[in-house]
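Lettered A, B, C and D in written order, each chain numbered from 1.
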């Protein structure tokens, strides 16, 4: 049946009709753009939420008039209530982790470029592909609904720890229907991601062009492939967890709710459930999710760096193996989120070791990137700036992992701003830098127009410096024991440090505003940008061997044949300094491996 | 539903108007006091150390208010009302005010009429949360940061139920939603008085949050005033 | 532009390191017997992590400075030793770090979790609830009254759901909103959650432990310095999470006895 | 793989004898959907593994009681196993180049057996209800309902695929690509295996 769809989608004339072309398109390129658009909406929503939170946190009694118009209960008289702060916190986390960090680097770019980079005309199952996007879209709609129901979004944080998330309205405002919507939305999202991952894997395994051996795949294709393997496991586990949560909430079961709980003066009619069960199931997904967010960016960044260095990496193989081992290890470390959660202290040590071990492949990657820079011919442009920024951010966020990986230190640092700084840098900012780099690099191919370089560079400087100003202080505040997820700091202990929080808030406002430059650049260049040539960056991989933007069937019915490793740069004795993957030209000594 | 109430209210208004026309009502009065026998539980002091802004408002920590007694075994915070015999009254235009001050509810027991507006205000420097726990009325749960406007609410069914603050566990009060205007909450001295009762046979109910309720039948003829006493059984624990 | 990036990278490395080096953010004073181990561990890690951070940023800066925007046709070089060096370096440097930190550095953990509380430790039951802590001392009889969730009546200050009417043990239990302990005596906390997940965090004690509903855990500590310290909740527990706290009051032995008597009197 | 792309549209393919139609499917194309189905099987296995681990954790708690499985489950099991058998026969027929109606009939039989299984499962739930055992009665019943219903959902998906096959073969009497048939078979057999596993799990743990 899927075969049938492949044919219908591609054998005959290009897809006709507005709906088939732009809405329910089976074309992986359109679907990729749709994912990108959704992520863009989500990221700006999430950013505005973080603004509101930061403002309220440092000026707790500040009136935000517009907010009252948006939610009367959430902000009576324009002053945000404690529960609404938590609602925003939950929605910020959920939007960013699921709809931005999972969608943008993985689903969006993966959909658009994975098939092209392996020389395929489309995904293995175009219908599934369309379904995954629209299912994701439904998940997003369901989640956003929480803003518009009377009791508002849930207040249990993006981890939705049971029993807080499981007992329903007694747990507080937002925990009646808000939390249910959350559970349903995430369950739907899981299905979508499973379909997507399945599609990616099948495509990579089976639709590679002649001569495109696994080892000849570009590094970002590898990253997307490994990521989809991780996603397949992770979401397959989160889905059951959500089902059980929803049953606890609405069917009166007791999977996560123990007996004898008295909440809001009411004895809860449950018995025997295990709150730790939720934590285990959630983090078994949750930690790999971190790598689902970061791995694609690693791939994209490597792909772009090689191109702007005009010379191969020290070793593409090592990069691939490192990414594989990160993916593999990511399944043995979820417990490090639960060091102080009452888990058996023995297992804490058991989880700590692999967690520290992950730093080895991560360091290998970093050293490979750095080492490759040596003696290169580095071209500076918006794309490569963000790629270099990624390395800097990845290191900055990575080293703080050393602390949190150790149970004994985690006793002190757990649930402080140190953690917030850590995961925002390494998971949030770093992988977004990958997305930005990818955008500046591939925009010409996706739209047929170049993005504005000056604006791109301006965007980089604001974002790069801004991100450090926001997230570095978090580490310091964590060191003095500043607890996270507080809507305001009521204790005198924090008084001397509020200044730092104010600084962060202002930095966040400026950096956020800086993203408008990016938005403007996207929209402006899409329509008014300089027309892009077929291969503006003198790159070697297959996506640059076809027109910009690519025709509906990618290779115009031709069937690329691959002769080389993906990164033939600085090749001696060839016309240019590079040889494309599909050029039959004989390469004397392939530099690199 | 809503319209039905409107009708009821309308009728009630007519009744009131009629009586008003008939000149000053031959107002009988039921008055008396509420006492207890036995030894009531000793009220423990409330530890507010977690909320310094409130704790510093008291020189000695205030006591819990579930059982407040006065001289001569009198009992405070008892709602005395006409549970049967009197017609539903018109909804008063004035709002009943419920104040959060020093992390306590003032008054501890707030009695008001069905569909009467209640205004809940926060006079503290901290954020409070108001979470009434009715069984038949609509339940809601709102927070009230300092300096925000008063919360205005209504209840459309007669019911007596507890009110709690989710942020400060010790803050517990009670809402008594009553059908007619003939009610009183005993204060210091445990005395109450229900004036302006037209002649008739009435059921008077006294409700206390931890001792439950008692009823007495009272018949009023003309403008006589009757005195009754409610005696509750106090438990040491 | 490349040179500028290099400069900014160096600036970032230096400025990020400054507040640490200048001790602008010092850990709160440690008042526990096990805390020093955590602090040592943390400082050692800080040194290693800090060096790797600054080092990496500066190497990045140097290479960007040296090799960005070179003039056309300038010679490409390969990193001496190529990938091998990188891999070996990673394994040696980080590998030893991992071993040092991960294996050797768990004494603090061991002291908190693998050594049981001494038999003479004072037992205090702490109940976490939305949004406060309540502490229970067994009282003269040294026995805790049983907990009956259905008997909980907060308006009446019965936070634990005790049943003094029917249980003698419960009558003399002392319930306080403040954790009062004698200095230099080991205290064992019996942790009980009334409603949802909470956590017990005292910065100065270097102690953090979640409350898990339905699962009564226990931790033990010895406070070495008298004074008042903040206990805060670090596990998101609902709308009042930010306001969920209590105080740890470390007293001299005799003050503690006095306090117990006063409480018993009430 | 492009050659498969260049293949004529299905309506024309219908006209062709089976072997030739099969020939139109290039190796790469056949691999495509087959690795797809295996990845899918893997994902489903993972989520049932998650349910299982949840069960093991929950089993440790005090309120864990015992649940007597409705005997009809064993009958259902036979239905499901039989359906796997009939599907294999259908495939043999197709391979042997026997007429499509014959294969179609066997597929239809498979479909009926599958429906029988679902009906039986429903019956089992009713039996429990009559005993007053509902989803939330105790953890065992919760897990029983969750596991069986999740499995039943997956079976229904399989039934849809079977219905499609039966329709194409028996009624339209047209060729269907062998990969589709094989994948459906893989999925359907997996459903049987999964059910055996769940049955044993429920029998031992619930």
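The rule is simple: a contact is a pair of C-beta atoms (placed from the backbone, for glycine too) under 8 Å apart; a residue touches a chain by one contact, two chains touch by 3 or more.
On a predicted model such as this, the values are computed, not experimentally measured, just so you know.
Chains that touch both chain B and chain C are the following: A. Ranked by separation of Cα centres from chain C, the top chain is D.
Across all inter-chain contacts, the pair with the most C-beta pairs is A-C. Note on chain placement: the centre of chain A and the centre of chain C lie 29 Å apart, centres being C-alpha means. Averaging Cα coordinates per chain places chain A and chain D 34 Å apart. Centre to centre, using the average C-alpha position, chain C and chain D are separated by 51 Å. Distance between chain centres (mean CA atoms), chain B to chain D: 64 Å.
For chain A, residues that reach two or more other chains under the stated contact definition are 81-83, 172-173, 258-259, 264-265, 272-274, 276, 490.
Each of the following residues of chain C touches two or more other chains: 129-130, 154, 238-240, 243, 245. Residues of chain B found to touch two or more other chains are 126-127, 129, 143, 162, 164, 166-167. Taken as a contact graph, the chains fit none of the simple arrangements: neither line, ring, star nor complete graph.
Inter-chain contacts, as defined above, occur between A-B, A-C, A-D, B-C.
Within the complex formed with chain A, the chain B residues making contact are 126-127, 129, 131, 133, 139, 141-149, 151, 162, 164, 166-167. Within the complex formed with chain A, the chain D residues making contact are 1-2, 4-10, 25, 28-29, 31-33, 35-36, 39-40, 42-44, 46-51, 53-54, 57-58, 60-64, 135-136, 139, 142, 146, 150, 161, 164, 177, 179-180. Across the complex, chain B meets chain C through its residues 41-51, 64-66, 126-127, 129, 143, 162, 164, 166-170, 172, 209-210, 235-237. Residue ranges on chain C touching chain A, taken from their complex, read 1-2, 5, 8-9, 12, 16, 19-20, 24-28, 37-38, 41-42, 45-46, 48-50, 52-53, 56-57, 59-60, 63-64, 66-70, 74-79, 82-83, 85-87, 89-91, 93-95, 97-98, 101-103, 105-109, 112-114, 129-130, 147, 149-150, 152, 154, 161, 194-197, 199, 201, 203, 206-215, 217, 230, 232-243, 245. Residues 60-61, 73, 76-77, 79-83, 169, 172-173, 264-266, 490 of chain A are the ones touching chain B in the complex.
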